[in-house]
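Below, each structure is written out as structure tokens.
What follows is a pair of complexes built around chain A, which joins chain B in one and chain C in the other.
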Partner chain A sequence: MLRYVLDRVKSSVVVLLVVSIITFAVLMIIPGDPAQLILGTEATTEMVEELHAAMGLDRPLYQQYLGWLNDLLHLDMGTSYVYGESVKSLITGSLPVTLSISVFAMIIAVFFAFLFGMLSAIKKNSIIDYFSRSIMQLGTAIPSFWIGMVFIVYFGLKLKLFPVSGFVPFSDDFGGFIKSITLPSVVLAIGETGTLLRIVRSSMLDSLNQDYMDMAKVKGLGARKIYIKYALRGALIAPLTIIGMQFAKLAGGTVVVETIFSLPGLGRLVLGAVEHRDIVLLQGLVMFITAMVIFITLAVDVLIMFINPRIKSFQRGE
Partner chain B sequence: MKRIIAFLLAAVMLFSMAACSNQENTPNEQPETSAKTALTMGYTTEPEGLDPQRTAAASTFSVTNNIYDTLVSVTSDWEIIPRLAKEWNVSENGMEITFTLRDDVYFHNGRQMTAKDVEYSFNRLKDAESPKAKDYENIVKIEAVDDYNIKFTTETLDVELLKRFAYPWTAIVPEEAADNLKTAPVGTGAFKLKEWNPQQDLTLERNDNYFGEKAKLETVKLVLIPDATSMMASFQVGDLDIIPLTGDQVTMVENNDTYQVISEPMNAVQILSINTDNEILKNEKVRQAMAIAINKDEVIEASMFGYGDKIGSHLPPTSPDYYDTNDMIEYNPEKAKELLKEAGYENGFDINMTLPKNYQLHVDAGQVIADQLGKIGINVNIEIVEWGTWLSDVYTAKKFDTTVVGHTGRLDSYAFLARYKSDSNDYISLKTGEVDQLLSDALKELDENKRTEIYKQIQVILAEKLPAIYLQTPRTMLALQKDVQGMEIFPIDVYDFSTVSFAE
Partner chain C sequence: MMNEIMNDADNTVILKNLHVSDSMGNTLVSSSSITIKMGEIFGLVGESGSGKTLTAKSLINLLPDDLCCSADEMIVAGKNMLEISLREKKAHIGKNAGYIPQNTVFFLHPMIKIKNQIADGFIDHTNKNKKEALEKAEGILRKVGFSNPKSVLNYYPWQLSGGMRQRINIAMALMNDPKLIVADEPTTALDSTVQKQVMELFRSINEELSISILLISHNLGLVKNYSHSLAVMYAGAVVESGTTKSVFENPKHPYTQLLIDIIPTMKIKKTEPLAEIPGYVQEKGRDTKGCLFRDRCPKAMEICENYVKEHEDGGHYFRCNLD
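And now, the complex of A and B:
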């Protein structure tokens, strides 16, 4: 087990390195220059060139990259030239926002997906099955910017139940914190529930058709024990993998929802970094998000190994 | 497994309880005092740091103008008034200007401001890392005569020199704090920075040691809300006291007793720039045909919901040098077709139009124009690009046929018009050179009336020769809660919160 984790960590370093080179290269290829963006439409060509040089952007590309890499190895992610703040503090500032709404969204999504997914598998073709399948379709079909607007106007403006925008840190005011992340989390959850529900339903159906289910019934076990202990356990692998992927996706920042609800999260930071061609900030963000995704998938894989020992032995090559 | 479900259930319950329990104390109501002293304003673009000499971003200057002071100020009527300088003196030949500073100005760190600080700040403005350095190239000598007198000497005569000391990037900063101004600004202004949470909000608090009349507000909180609909919603629930308005939103607030709307023409022009190096577009008749084929009223309606003023040349109607050239180019699609025929393009032609995605106002205008040009047989292919791409491809590399964009923010007409010199390296220019002599004359003409006359001639030439088609001066609009008073819109991109207060 430990060796497996170590192997994965080793390969992650390579992945990170490759990703950093790709981000850097992409930023160099796409048009747009930070000096130009700072100066805007009232600048002359000479002004742009001078600022370009002053910002150190006229150095050869490999030098710029190696310089950045060298700083990174010394645990210095550099300073964003747009904000003038260290990349580290910008990330630590926006991470709690994104993580809070991602975690809440996933809790909501997992709860409803499992509830309705299991019910609809157990009572296949019943009313509840049709109901959950329509929910599933709706959830995937509704665009998040639209539902976000509807929520703001209805719950924020009309009923005044929730603030229409902004984020209240956990440490400032717990109630305010919960309220500020409720709407965005629900919007995100709506988008994820559909997909997850479908996976839960199909793995559950698959699991219910296994021979051991008949065995369990013959043994005369109670329905609850049959469904939860046997069927669900067998049906957990696929949904868990999906949950991991969904969570990783949300935790990397959700530009649309963060923009609509004015949340200072990672997604908006990434967007700003791209728009301003803030190479240092973007490189730092990409590294951080990649590392986070790698970590989450690794954690999910380890979790799955605990649930399904067959995979563990497969990893050992038995 | 039971435990997991139980946990999930518990989590959801806790979550919904927390959400419910807070409904009693509605968060949107602020404690009522006789007069509020905390103002909250929404804004859409984050400042690029708070160092006035290290950025060219309007979003920065609108904030820093409250933290730092400049030697002189410009009023909303374009008048130059004293600020850090009590008075000034221009030498006979117009090449030297001496400012006498106030002797009661202190930085936020408690140190008194002297002429040495002014000298330092201008040298900093002129160094390589400063985006605006080129604009001050002409100032060759900065000399602190004594503690309260500072003399600037120019290389060549610049009749608009005084106005250059009103821009927010000429703010006076203390040397000892200069390295961290981006995040820890220290100025002399009516407000100090209290707190800045990037991507979220920025709070200013009153400077009680301000030399001028102290601000009535205790704090000003600027909240970043990038989405216009969320912004409007926050304003309507009362979370925000002031918000910038887009044209389509005006109807939502204008006939409502609880709000007020203020609007001023921006100090800007929206233009359809034309690449006169293009084989077809270098033909003057073609450009004239295009100009009269465009219905500018429709363009203003589509891009600003009518909140714009039609223009015929490259100066905004608010400018003291503005000359109305609208009657020179009147909408006439029939005549446009004839002109095209005369130019030899009876069957029309194809051109590209590159539009900057980040500016909805220009994209909307471009789409209407494309449609209007289509009616006289000019087939316009629209390409919408990101701002960074626009700057490098269109603005710098000049790879475009036509584009719609805005030019903004200058107090002197020369800066607005200098790009039309035939030898300017700009993305648009008047290659035939008719305005070259006039522009250099304008820069040397000390008599204001004669200068205005020269600028009038330039505007007329531009309206005739059409190196660009001049569309409109859009309006800046702010929505305010009814009790907000004293908020003004300036010809440069700044806000001044020191005069703002709430009605009792």
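And now, the complex of A and C:
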């Protein structure tokens, strides 16, 4: 068990290293000189070269890489040219925004996907099944920028229930925090619910057809035990994997929704860094988001191993 | 002894004229009747697709949702299943019947430890707590041949062999002290040495606890050795039933006669091909008034097309136009 986790951590470190090399290489290769960018078009060649030397950009690439990696290991991701702030503080500033809406969105999506996914599998071809299938279609089909704007117009401007933009930190005002993340979270959740519902429904149907369900029925168990202890337990793995992927995707920044609701989240930070060729910030962000995605995937895998301990023995080749 | 008049209380199962059909209206099982006496092993034999499993599953309320069944009478462990609600049926079956499947792999939930699935039915039906339930489970596991029940309880099903899993299934079926155990080809997935162990276990359960066992099998030799009574099914209908002794000594139906003739023996010569009954079990037209076996029957007559006579003599039943 511990060995399985350690194995996974080891391979995660390797992935991170590879990603760091690729990130560094790609951002070095693409055209655009950060020194030129900082100094502007008026700068003389001497000034640019001076700045190169100051920033270490005149060293050989591998030295630059090792220096960057070393700083990274000390959690020093450098300073953004554009914002003039340390990358670390930029990330820690925008992370709570993205994490709050991602977590809230996933809670909503998981609740509805499991509720309707299970019901529609148990009562296949009933009204509730048709209803759930419509949710699936709509959820995946409706574009988030459109539903986001509809929400802003209706709930924000007409009914004035929620603020139309901005983020209120958790520590400032809890009610305001919830209000400020509700609309963006619901918009994100609509997109994810459809996909997740589909997976829950199909794995639940699969589980309901398994022979162990016959056994549970013969035992005369109550519906709660039959459907939750036996059927749901057997149907958890695929949805959990998808939840992990969805959460990792959202946590890595949701550009469209953050833009619509003017939320200062990770997605907007990435967008700004790309627009302004802020290479230091971009490198830092890519590494941070990769690490976060790897961590989430790892956590989900460990969770799945608890639910289906058989995976352990597959790993050992038994 | 067989001629004694039994009253209903002595029978664990009375099933009269069972009819099972699918959602398209095709008949799968027609006019099948079986009576299982208290404390006997009752063999239900027939080829694949003859309706053995459907007949047994209708008794324990396990038919797939798209099939519907009707019967003139269906009494299981003292209750008329036709008169009680679905909820009562579930509780009654859960309490009084056990089910042992053919396939040992998928009937135990692979992600739940044995100790968390062996006793949940018992807990539901008796208001005992889990500790008491597990104590009982240990005793039963010891009875079905585990010398280390405590550690077995902590295993996941996939950590055990096929024979062990089948014994777990048997132990699970015994948890509620059932009156009836339905064993659907319980030894088909096991090799022959384990098969013998499991069958001996059934015999000892039957003898010591006087639990009735409905043993479904396509292996006539096995049924001959272990059952007290039997019924032979063909294309969804019981064609002959009676005590094992009388059916084997004096088979009346041509199908039963052929089945008995083709049981492989040790005397078989290497060059001689195994005997078989030519043709297949028909899928369609099972609701005919005539004899279902007529197309494969060596003794078929013209009358078999439209009519089949039912005989009943001292508990030995068969349906054939021959006497």
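Definition applied: the second predicted complex is superposed on the first by the 278 of 318 C-alpha atoms of A that agree within 3 Å, B and C clash if a C-alpha of one lies under 4 Å from a C-alpha of the other, contacts with A are read in each partner's own complex, and residues count from 1 in each chain.
Here, a contact is a pair of C-beta atoms (placed from the backbone, for glycine too) under 8 Å apart; a residue touches a chain by one contact, two chains touch by 3 or more.
In this text the structure is predicted, and so the values were computed from the model without any measurement.
So in the superposed three-chain picture, is A:F104 touching just chain B, just chain C, both, or none of them (first/second/both/neither)?
In the superposition, A:F104 touches chain B alone.
Considering only touches as defined above, state whether A:P264 meets chain B (first), chain C (second), both or neither.
first
Touching A:P96 in the superposition: chain B (first), chain C (second), both, neither?
It touches nothing on chain B or chain C.
Once the shared chain is lined up, is A:G234 touching chain B (first), chain C (second), both, or neither of them?
After superposing on A, A:G234 lies in contact with chain C but is clear of chain B.
Looking at chain A, which partner touches more of its residues: chain C or chain B?
Of chain B and chain C, more residues of chain A lie in contact with B.
In the superposed arrangement, does A:I307 touch chain B (first), chain C (second), both or neither?
second
Between chain B and chain C, whom does A:M215 touch in the aligned arrangement: first, second, both, or neither?
Only chain C is touched by A:M215; chain B is not.
Once the shared chain is lined up, is A:E275 touching chain B (first), chain C (second), both, or neither of them?
The first partner, chain B, only.
Report, in rising order, the residues of chain A that make contact with chain B in one complex and with chain C in the other.
229, 233
Going by the contact rule at the top, pick out the chain C residues touching chain A in the complex.
60-62, 90-95, 97-99, 101, 103, 106-112, 120-121, 124-125, 156, 158, 169, 172
So in the complex, which bits of chain A are touching chain C?
Residues 210-212, 214-222, 225, 229-230, 233-234, 307-310, 313 of chain A touch chain C in their complex.
Which part of chain B faces chain A closely enough to touch in the complex?
1-2, 5, 8-9, 11-12, 15, 18-19, 21-23, 26-28, 46, 48-49, 51, 54-57, 128-129, 131, 133-134, 180, 182-183, 197-201, 223-227, 229-231, 233-234, 236-237, 239, 358, 386-389, 391-393, 395-396, 405-410, 415, 424-426
So in the complex, which bits of chain A are touching chain B?
For chain A paired with chain B, touching residues are 30-33, 36-48, 50-51, 53-55, 82-85, 90, 93-94, 104, 107-108, 110-111, 114, 149, 152-153, 156-157, 160-167, 174-176, 178-179, 182, 228-229, 232-233, 259-262, 264-265, 268-269, 272, 275-277.
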